[in-house]
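Common to both upcoming complexes is chain A, partnered first by chain B, then by chain C.
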Partner chain A sequence: MKPSYQKAWFFVLPVLVLVAFNALIPMMTVVNYSVQETFGNNLFFWEGVSWFEKLLNSDRFHAALGRQFLFTGIILAIEIPLGVAIALAMPRKGIWVSVCLVLMALPMLIPWNVVGAMWNIFTLPDIGLLGYFMNHVLGVDYNMTQSPLAAWMTIVAMDVWHWTSLVVLLSYAGLVSIPDAYYQAAKIDGASNWAVFRYIQLPKMKRVLTIAVLLRFMDSFNIYTEIFVLTGGGPGNSTTLLSIDLVKIALGQFDLGPAAAMSLIYFAITLLVSWLFYTLMMRNET
Partner chain B sequence: MAKITLSKLRHSYYPNPKGPEDFALRDIDLDWRDGGAYALLGPSGCGKSTLLNIISGLLMPTEGRILFDDQDVTALSPVERNIAQVFQFPVIYDTMTVYDNLAFPLRNRQMDEAVVKSRVHEIAEMLEVEDMLSKRAAGLSPDNKQKISMGRGLVRKDVNVVMFDEPLTVIDPHLKWKLRSKLKELHQKVRATMIYVTHDQTEALTFADQVVVMQDGDIVQIGTPVELFERPTHTFVGHFIGSPGMNLLPCEIRGGGAYFNDTRIALEGPLVSDGHGKNQVGIRPEFVSFGKKGMKARIKKVADVGRHYVVEAIIGDTSINAIVEQDAPEQGDKVHLNFAQAHTRVYRDGWIATELPEAGR
Partner chain C sequence: MQKRSWVPIIYILFLMLPIYWLVAMSFKTTGEILSGFSLFPQTWTFDNYRVIFTDPTWYWGYFNSIIYVSLNTVISVTVALPAAYAFSRYRFLGDKQLFFWLLTNRMAPAAVFALPFFQLYSAVNLFDTHIAVALAHCLFNIPLAVWILEGFMGGVPKELDETAFVDGYSFPRFFTKIFLPTIGAGVGVAAFFCFMFSWVELLLAKTLTAVYAKPIAAVMTKTASSAGYELGLLAAAGTLTIIPGAIVIYFVRHNIAKGFALGRV
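Right, the complex of A and B next:
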């Protein structure tokens, strides 16, 4: 029999403890809450899966989930093509490379609540730069606090402004790693610009784009701070995405059981979609 | 297919070149016959890839002209020149099948799908890749990928020239030999003008009918492999080609004769002129032998390289390599060296300075 070294467990232990305290234990607490009802005073009553059943049949949850998918869908549809297009247009050598990279990275360096506050002020109809311009120069009725459409356009614009850079930087990294010989060979093979994009650049960017889509999906699906600061979920419930609704239930109504059940379902959806997407993208990789 | 003429070609990578040291290519004049197999041989950085890219149209020369069949193509793009090039690293369109890869250059030129099909199958048969046609190209081994790259170069019937830029760099040694002979075979089949760039003398000498040896942006010699070996016109060719390279011994010129270590060396023919400069006697190790008489030397080292022995002998502080098939002396032996007269020459400032005797011309 081969000698076995049980000592190795000791080396894994610190990581195990760390993961336990920052992920496993909080997660299990949530699981614990999701099957019980509490009225404070540390009194808990067993509820089984009834919170899950109620939640999955609730119109409020369906609406928030729908808004969430709509938001994520819209920003992915804008940010991914736009990011790739900007990366393609960026210079590959010379001093402008660093200028472009720094300019691109700037929005990502701003804290999320500041981004929300900035856009809030930016869109105020009477004093905000954009708000004033739209209402008083163009004469368009643009008020985020009254019109759901205006609110949606603003949160989408804000996310595009904040996060397209991430897609740009990842795509750019993919693009510059393509050896010159590919472009030269394509030139000699008589390939059109579209063919170069379709058969060289896009395939070579596939891995980084997969990462970009995953990151943008997860981040936008879990978005909270910016939208909370900007619209607070309004007007009405029009921009109440999943995370905002969750906080309302958990902290506003102090319904810990339903909130815990919602958290778990929320987490499961994020995980499932990410896994599906990654598996589909990577199935042909060798 | 075309005859290629390079006329007074100069190229610099600087926008405002000043001295000759700014030029990657200095004054290249060349004529390449239609359907020939040529090699550009030289060390890394000698300008051979620059020259190749100028011929293919990826690079615009600073000065000079390129002619295909007497038609000036200097200003034309690679597509308009109708050439093919195979690069150092295999270039494969990953998402396509092998078939689509081979068909790509034809489809880009809007050829009929029936023509495409017959051409692709023809080339695939030549390259022996028919069984892979429906596979995705991304999954192939490096040598097969390089075969597909070559195939894309050869698939068009009307290309003026097919160029290879060190195509065997990433290929495993035991497959190099196979691909090299495949290439030679392909040349005999398709009869296209082919230019093969390499720093590997074996690759150049086995592939080409004519080898162009380059150094520091200049062509130092053009000749058949045999000519380059037997009568290098420059010391660079002498020591770049051959293993080990040509022996170069410092010598003095007195009264029309060359003296090394105060011994007169018999030369292949008369000196061109007395002239001044750095004189050296050049002789290949293959033509140095041991005898009962001759220059006294001591053996420093003997290496058995399989087919023959490489013997390093020392006279004064000059070492001289000799290649012998058998009966190699021992280390430390005192020996007499003989030089084959017909292969002993004087080089002045690097260039050959002896003439062949009248009878030998």
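Right, the complex of A and C next:
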């Protein structure tokens, strides 16, 4: 048991000040906007909770929220199993491990708008590698500026490309922490591959996998730059996820009140889902 | 195990394809790009790179990015170290709540904060400075650094602290001479992740800068729209943004997997 020591607060103080400066002041600004109406010139009028009421009843918000959950659901369903499968197939030792890890981590270190631009160049119908291959080799009509389905497949492929490695790295870290003795015992018992996975590897990966799901949920739910650069939310509104819609309202139309109300609801949803994960995780640990 | 080694190979090939295409594009002339499909550059050109290395707007974009990313990494890790120590060694009033509150800032969508950040940093006269971006990125990097460091510190037995204090070490001396070297790998991993998330973030960096501290990624977006979409130039600039990340990742390749695994949520 750790000793109780109230002066430890002084150790935490610098962190508290810096994060509070960045988190609380902007948050207060957002709350302030969310209950007012402005027509520019720094004139503000009290609006109460009407922005929240309007937003929660608006079809536009429901549609963007629906698309957001669909996107996050799809990429979690692909990236988590895929990441675990790749981690299981990775070599455990030797020089190839380092080579694999460095190459796999590379997509995560590319600035997000470059990721968007890269996939844009990659998928251009006649001069992009993927676009050319789809249209002229496979003969499939593929143009993500025209077809919503193509746009969705492209943003999902981009996110899988961008972030599956995070799941691989985490799962791999969980796997290498399993002592060899476990595998030897399983071999003596004549356990099948599936049994080894189900009763040895999966339980050992449970903790890192929960972290992986949590991180992938938070980041995919907040995704903005990559999709904005790649599709701009189009064609039509088909890939306008929550954050893209939010920026359209706040900076495009300069409707600060509705945008602020939307920010708060958006943040609250992220917080709620993450808190659920967090408490589940804490319960598993104790 | 050996039979399945084709799985990572196929995956890595998939990862490399878009990167290859970006690099290939960067060596093509605009004429060649627009005239049609070619798997390899037909006439190799370094013009795109020459433009970047000779135009101050371009190369200062790189310097700006590297300056605020380094500043942010130093600030984040420095303030996170004592905090992580407190979380890993002591109980204090509200510690669990504080820890979760810190993590919630990792969840805040940057899009939510863009406009208020602009107003806040304009109000304190820091708009368009490197330090503004470095401080703003602390929002999500400090919680991450605390989280990772706390995990590493939790793995160091408490007896180390106690023995040092019995031997007459003062706290600052113990911390810098004994404790820091012990968790060196953790500091490296935390710094790596701070570097990474500050390097790849664009929305806040773009919002908080105009001319003097403009990050390379923002220079790219602006050029893409104003210069009639010069794909070759864009590809060359994109290729160059991959290099710093690749260098940093090479140095922490042995510890990167450990970084999150040891962290407590």
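The definition used in the following text is that the second predicted complex is superposed on the first by the 267 of 286 C-alpha atoms of A that agree within 3 Å, B and C clash if a C-alpha of one lies under 4 Å from a C-alpha of the other, contacts with A are read in each partner's own complex, and residues count from 1 in each chain.
We take it that a residue touches a chain if its C-beta (ideal position, glycine included) is under 8 Å from a C-beta of that chain, and two chains touch if they have at least 3 such contacts.
This one's a predicted model, so the numbers in the text were calculated from it and none came from an experiment.
Visitor: More residues of chain A are touched by which chain, chain B or chain C?
Guide: C
Visitor: With the two complexes superposed on chain A, say which partner A:D189 touches: chain B (first), chain C (second), both, or neither.
Guide: After superposition on chain A, A:D189 lies in contact with chain B alone.
Visitor: Just chain B (first), just chain C (second), both, or neither: which does A:V102 touch?
Guide: second
Visitor: With both complexes overlaid on chain A, does A:L70 touch chain B (first), chain C (second), both or neither?
Guide: Touch status of A:L70: no partner.
Visitor: State whether A:S274 touches chain B only (first), chain C only (second), both chains, or neither.
Guide: In the superposition, A:S274 touches chain C alone.
Visitor: Which partner does A:P179 reach: the first (chain B), the second (chain C), both, or neither?
Guide: First partner only, chain B.
Visitor: Answer with first, second, both or neither: which of chain B and chain C does A:L56 touch in the superposed model?
Guide: Neither partner.
Visitor: Using the touch definition from the top, list the residues of chain B that touch chain A in their complex.
Guide: Those in contact with chain A are residues 53, 56, 58, 77-79, 83-85, 87-89, 91, 93-96, 104-105, 108-109, 136, 138-139, 149, 152.
Visitor: Under the definition above, what is the set of chain A residues touching chain B in their complex?
Guide: 179, 181-182, 184-185, 187-192, 195, 199-200, 203-204, 284, 286
Visitor: Quick check on the complex: what are the chain A residues that touch chain C?
Guide: 1-9, 11-12, 14-16, 18-19, 21-23, 25-27, 29-30, 85-86, 88-92, 98, 100-114, 117-119, 121-122, 126-130, 132, 136, 161, 164-165, 168-170, 172-174, 176-177, 208, 210-211, 214, 218, 221-222, 224-225, 229, 242-243, 246-247, 250-251, 256, 259, 263, 266-267, 270-271, 274-275, 278, 281-282
Visitor: Can you name the residues of chain C that touch chain A in the complex?
Guide: Going by the criterion above, the answer is residues 1, 4-5, 7-8, 11-12, 14-22, 25, 33-34, 36-37, 39, 75, 79-80, 82-83, 85-87, 89-93, 95, 98, 100, 102-117, 119-120, 135-136, 138-139, 142-143, 146, 196, 199-203, 216-217, 220-221, 224, 231, 234-235, 238, 241-242, 244-246, 248-250, 253-254, 256-258, 260-261, 263, 265.
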